[in-house]
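Same chain, two partners: subunit A is paired with subunit B first, then with subunit C.
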Partner chain A sequence: MSIVRTNGRGTTQVLGNTAKWVVLIFFFTFTFIPLLWLLISSFKTNLELQLKPFAMPEIWQFANYANAMKISGLPRLFLNSIIVSTVSTGLTMIVTSMAGFVFSRERFPFRQGLLNLILAGVLVPIIALMAPYFRLTNSLGIYDSLWALIFTYTAINIPISTFLLYGFMRTLPRELEEAAIMDGTGFVGRYWRIILPLTKPGMVTAGTFVFLFSWNEFIYAMLLTSRPAVRTLQLGIRFFTSQFFTDYTSMFAAIVLTMLPTIVIYIVLHEQIIKGMTSGALKG
Partner chain B sequence: MYVKSSKNAFWIVLFLIPLLILFFFYFVYPLGFIFITSTLKWNGVSKPEFVGLQHFISNFQNKTFLLSVKNNFIWLFANGFVQIGLAALVALILARRPRGWKFLRTVYFLPNVISQVAIAMMWAALYNAEYGAINQLLTAIGLDNLTHNWLGEYATALPAIIVQQVFYIGYFMIIILASVMTIPDSLYEAAEIDGANVWQQEWHITIPMIKDILVTAMTLAMAYGLRHFEATFLLTNGGPANRTSVLGILLYKKLSALKYGQASSISTTLVILGLIMIVVIRSTIGRKSSASDLTQ
Partner chain C sequence: MKSIVRGLALLLIIAFAVPVFANGGSDAAVEETGEIVLSFPTFWVGQDSKSGPLASLLEAFNNQHAGEIKVLLEPNPDTDGYRDKLNTQLSSGRAPDIFVFNPDPTSFQYYDSDILFDFTDELQGSWRDNFVESYILDSTKDGKTKSVPYEIGITPIWYNSDLFAKVGVNTFPATIEEFWAAADKLKAAGIVPGSQMTGGSNAWTSMLWFSHIMGSLGGPDVWDKPLTDPVYVKGAEVLKKLFSDGNTTRDAVGGDAGVSGGHYMAGDTATFINGPWYIGRIRGDAPEVHAATRLAAAPKIGEYSGHQIGFMLSNLAAGNTDDPRKRDAIITFMKYMTEPDNVKMVSESAGSLFAVKYELGADADPLQREFVRAASEASFVIGHFQSQVDVSVIQEFGQALAAMALGEATPEEFVQMLIDAQ
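Then we have the complex of A and B:
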């Protein structure tokens, strides 16, 4: 294997090398050090936080984490987020894989026009739809319930998920189905037994995207619910400042706990997660 | 090519109906709602009163509205040029596979899997005037006179929020890096033999090859700038004295005050600005990027 994309020669190399590492280390510091600061501070007393900001905690205050669990109601917040994200991801996959199947395998009037209309949905700034979503949720009688968020997240993700799944299904060869049709497989059988299993990689990508969107969504979680019992994790974090009042380090512990699961999952599945999150732009 | 579909008509309709119902209620109806309501004076309960373009006219005479639009444009340019510029720079460096590049790539992307809310809470603590690490660091190295109430002062509030957003380059860096990695090594080998240095290689080979993805990334980043909400809402809620307000924040405040007409006129402005942005980007820097490049 030849040496490719080397780093130049002579003085430019030294200069370029230094500049290169300055850039890389700067962004490493910016990304990583604040998180580390938060983690270490979450084990301190509040006095230490003020007086010895850059020292290690004298005694590691695991009690902060016990406080955090007690005050923040984290288990409930996590449960709500898991329910909302899982159900809305499942619904989005069902609805858009059915539509993607029809759009990619069948011919019918207004097919292209309808598809373009759905895909144009990605251009709509969803934040602009606060007022109608609020009214709609109220008229459906689901305001202040997890269903409000489940339906909203499912619907919001329809354009991007249709785009990803339609794009994937379109590349599957037709011959696969032709053999099945000879054997008498019907419409539903072609979708369920042939196309859907083959679309799994596309569904994993789209599903990751939808799940992370739903997990991290904040605006509509705030607008469409009000009871503490239906708060999702992201909404719950917002109330930490009032719940913990001046017990900052316990609040930091609670914030760390909210970050932990996604970070652990990311460490295990980072390739898949990066692919899922960037696929919307990459396919363009 | 296609399977004969007349007998399948029933199934086609059945398979599309869930999607069409959701799309109608969550896209078609809401857009109609904001366009129509933007011409009404309405608190959501009383009988709506038609006021034509009155809301738009008074918006453009309103200082907070104009400030919010200006801030949205600052966000748009900061995201589109600063963030994408830095993301591209780092992507070009990592594409040459320096020591530890895979690890760095993973770390740079990390903030994207943490929610914006948690990140914003962390920065609220870092910027805090009493116990925040930034002021403490400045004091520790003898730069006491540079300490600020970062989120509370007119001059520092907006830059402080923007910094904590645009320096998280991971998302766009990954997109750009993936594109750079697809350029065949043979192009660089040939350039190397011809005596082109690294800068010349990047400028004449890499940049032209990744132009499309750069335009896509810029479009996306700018769209995020227009839709910006979370970090500002959590860090300053538009303050001090509306200095950090953006259209999303203003919209939320109007809606909370049950001013449906005014709220919808802001929504309509957001939709129109989004469309103008796409048209401008397409007709200037990129003609190829498709509508489907955008995600929420």
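Then we have the complex of A and C:
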């Protein structure tokens, strides 16, 4: 028999650490288990998946991965998705950071009305805009090109991104700008040298939102393109569904393959990503 | 900040440099040669059973008409997404050159506009002889045939003859009394009598069972009766029994088509309902069950028997045009697609059935032959329940069925829930 001596502070520390680990393990499990299930399911047959969704595969079906590569043409779709998502995110950031700057820092007639008009776009369901966007892209001569998707995604995301950046910029202290004006900085200089660098965390938030939207978007990708050469990843994944049958396991294999580059990029760059997302978080 | 600017500049340079940013591909070059180019957006791509044979047909057509007509397939790998896209295109007045037309009441509304190519005159000639006449009539509205009937489907009762033989039943029960007797024998042998489902968007398998039941109770004109007719309650009573007393699997309530089809393919259940498009799936995933599967009409419940549930699945349509060369090209292609030999090739390869008259070859799948036999022996054919009611009713169907199966609703209440959803 042994006697364990602990003081109150030690007990609190142990309890605190235990609670921390419980929370961490809970969220790790919550995030990791579905991914693990997806990975394991991607090696099953469809019949196994339907009848024993949580069992291990009887025979590991590596052919699902070959099937995924063959049917969907993933590499090209992946490249298109990267181009569309990145360029539309960049364009949205340029446009909405300017809009956010003007609406949050300048005073001019109809400012609030114009701002409300733009922000009201958040409330419009994107499916309601299918016919106008289709006609517009045809009229502009960009139907069936990546530009159709880039401009559409940019336009769709302008309201929400403006809302986020406007809100962020409004919290920045005016004194910084006033000091810059005293030093002779003009309108563009205030935007470019003062406000924009301080808005980095807000831009990371808005940019992440826009990028994820563009990456996952399906309806417009289908509507505004027809050639396989300009299709994006979300359409490739749908190649495994047909009118009466879905090849879930090959689809899961395709999803795993599309996740791999993102995971690799995150593993390599995670320090910079976290740094970027948290920089300025503690500044007033 | 400089790095951000550099990054964006680089992206824009890439954007302008990468050729996929240009629209339209090589259309202009093709047009310069005088070749008529027809776009053909379709969802018969990817994993669809018609994907391969369709690609072969198009390749052969383009080779035959090299320098004159070229049909460019535009893959749209999601049926619902394809329909959304097509509706947007049609409502924007920009119909594709050739496309797969969903022969439902919503799509037939486009017949009233000038956007669709009118095949009425062409179908007065010898081309009409290629088709089963009833499908031409079904595709004709107000005297105009603006889409060409193509793929059809029937959904007989599938039964595993090995499982039935195991309990001494060698032919499919002809009456509902014989069916319940066979079900008792199956259950005694540890076999679940039938696959059912309440999930998915329309409780497909069970909705088809309900359609068969209603056909037997109400005959060829059953769908003319309003939902308030007592025949629907009678049908619901039979449907409820199919979910009771161990007549189906425990996961049928809430289960989707994967559950329903999965149990049948695993040999857990003795009966199932689906169309010919499922042949390829069962042949590949469950060859023993495929070999044992036979098709039958539903057991006689009311006055009528021997009927089948059938419907047009997909028609072919084209965008209207005044260009005489393009009109000729469209008609040439449509005739090519509906030539009996070409249809036979697609049918044998994909397992599908068509509105065109053709004979299956000696190598055709035996189950596909069963489908042709079932269709030809049908005393009458009616559409399924889903095709007769509003979307809101069919969305409620699965919920109401689940409530009835769980004992939370009586057959009367089940029907009332459907009426309320109208």
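In this text, the second predicted complex is superposed on the first by the 181 of 284 C-alpha atoms of A that agree within 3 Å, B and C clash if a C-alpha of one lies under 4 Å from a C-alpha of the other, contacts with A are read in each partner's own complex, and residues count from 1 in each chain.
Heads up, the rule we're going with is that a residue touches a chain if its C-beta (ideal position, glycine included) is under 8 Å from a C-beta of that chain, and two chains touch if they have at least 3 such contacts.
Worth saying up front: this structure is predicted, and the values here are computed from it rather than measured.
Asks: Once the structures are superposed on A, label A:R135 by its partner contacts, choosing first (subunit B), second (subunit C), both or neither.
Replies: A:R135: touches subunit B and subunit C.
Asks: Does subunit B (first) or subunit C (second) touch A:V122, or do both, or does neither?
Replies: A:V122: touches subunit B, not subunit C.
Asks: So which one touches more of the residues on subunit A, subunit B or subunit C?
Replies: Here the partner covering more residues of subunit A is B.
Asks: Regarding the shared-chain residue A:V23, is it in contact with subunit B (first), subunit C (second), both, or neither?
Replies: first
Asks: Does subunit B (first) or subunit C (second) touch A:I219, or do both, or does neither?
Replies: both
Asks: May I ask you to decide whether A:L74 touches subunit B, subunit C, both, or neither, giving the answer as first, second, both or neither?
Replies: Touch partners of A:L74: none, neither subunit B nor subunit C.
Asks: After the superposition on A, what does A:I255 contact: first (subunit B), second (subunit C), both or neither?
Replies: first
Asks: Touch test for A:A99: subunit B only (first), subunit C only (second), both, or neither?
Replies: After superposition on chain A, A:A99 lies in contact with subunit B alone.
Asks: Does the superposition put A:F240 against subunit B (first), subunit C (second), both, or neither?
Replies: It touches subunit B and subunit C both.
Asks: Going by the contact rule set out at the top, does A:R107 touch subunit B (first), subunit C (second), both, or neither?
Replies: In the superposition, A:R107 touches subunit B alone.
Asks: Would you tell me the residues on subunit A in contact with subunit B in one complex that are also in contact with subunit C in the other?
Replies: Of subunit A, residues 49-50, 94, 127, 130-131, 134-135, 218-219, 223, 235, 238, 240-241 contact subunit B in one complex and subunit C in the other.
Asks: Subunit B touches which residues of subunit A in the complex?
Replies: Of all residues in subunit A, those touching subunit B are 2, 4-9, 12, 16, 20-21, 23-24, 27-28, 30-32, 34-35, 37-38, 41, 49-50, 53-54, 94-96, 98-99, 101-102, 105-108, 114, 117-136, 151-152, 154-160, 162-163, 174, 177, 181, 187-188, 191, 209, 212-213, 215-216, 218-219, 223, 233-235, 237-238, 240-241, 248, 252, 255, 258-259, 262-263, 265-266, 270, 273-274, 277-278, 280-284.
Asks: Any idea which subunit A residues touch subunit C in the complex?
Replies: Residues 45-47, 49-51, 71-72, 80, 83, 86-87, 90, 94, 127, 130-131, 134-135, 138, 141-148, 150, 192, 196-197, 218-219, 222-223, 226-230, 235-236, 238-247, 250 of subunit A touch subunit C in their complex.
Asks: Going by the contact rule at the top, pick out the subunit B residues touching subunit A in the complex.
Replies: Those residues of subunit B that touch subunit A are 1-3, 5, 8-9, 11-12, 15-16, 18-19, 22-23, 25-27, 29-31, 33-34, 37, 44, 86, 89-90, 93-98, 104, 106-118, 121-126, 130-131, 133, 136-137, 140, 167-171, 174-175, 178, 185, 188-189, 192, 197-199, 201, 216-217, 220, 223, 226-227, 229-230, 234, 248, 251-252, 255, 260, 263-264, 266-268, 270-271, 274-275, 278, 289-296.
Asks: Any idea which subunit C residues touch subunit A in the complex?
Replies: Going through subunit C, the ones touching subunit A are 1, 7-8, 11-12, 14-15, 18, 20-25, 39, 41, 43, 45-49, 51, 74-79, 81-82, 84-85, 88-89, 91-92, 94, 258-259, 261-263, 265-266, 274-275, 277-278, 281, 285-286, 313.
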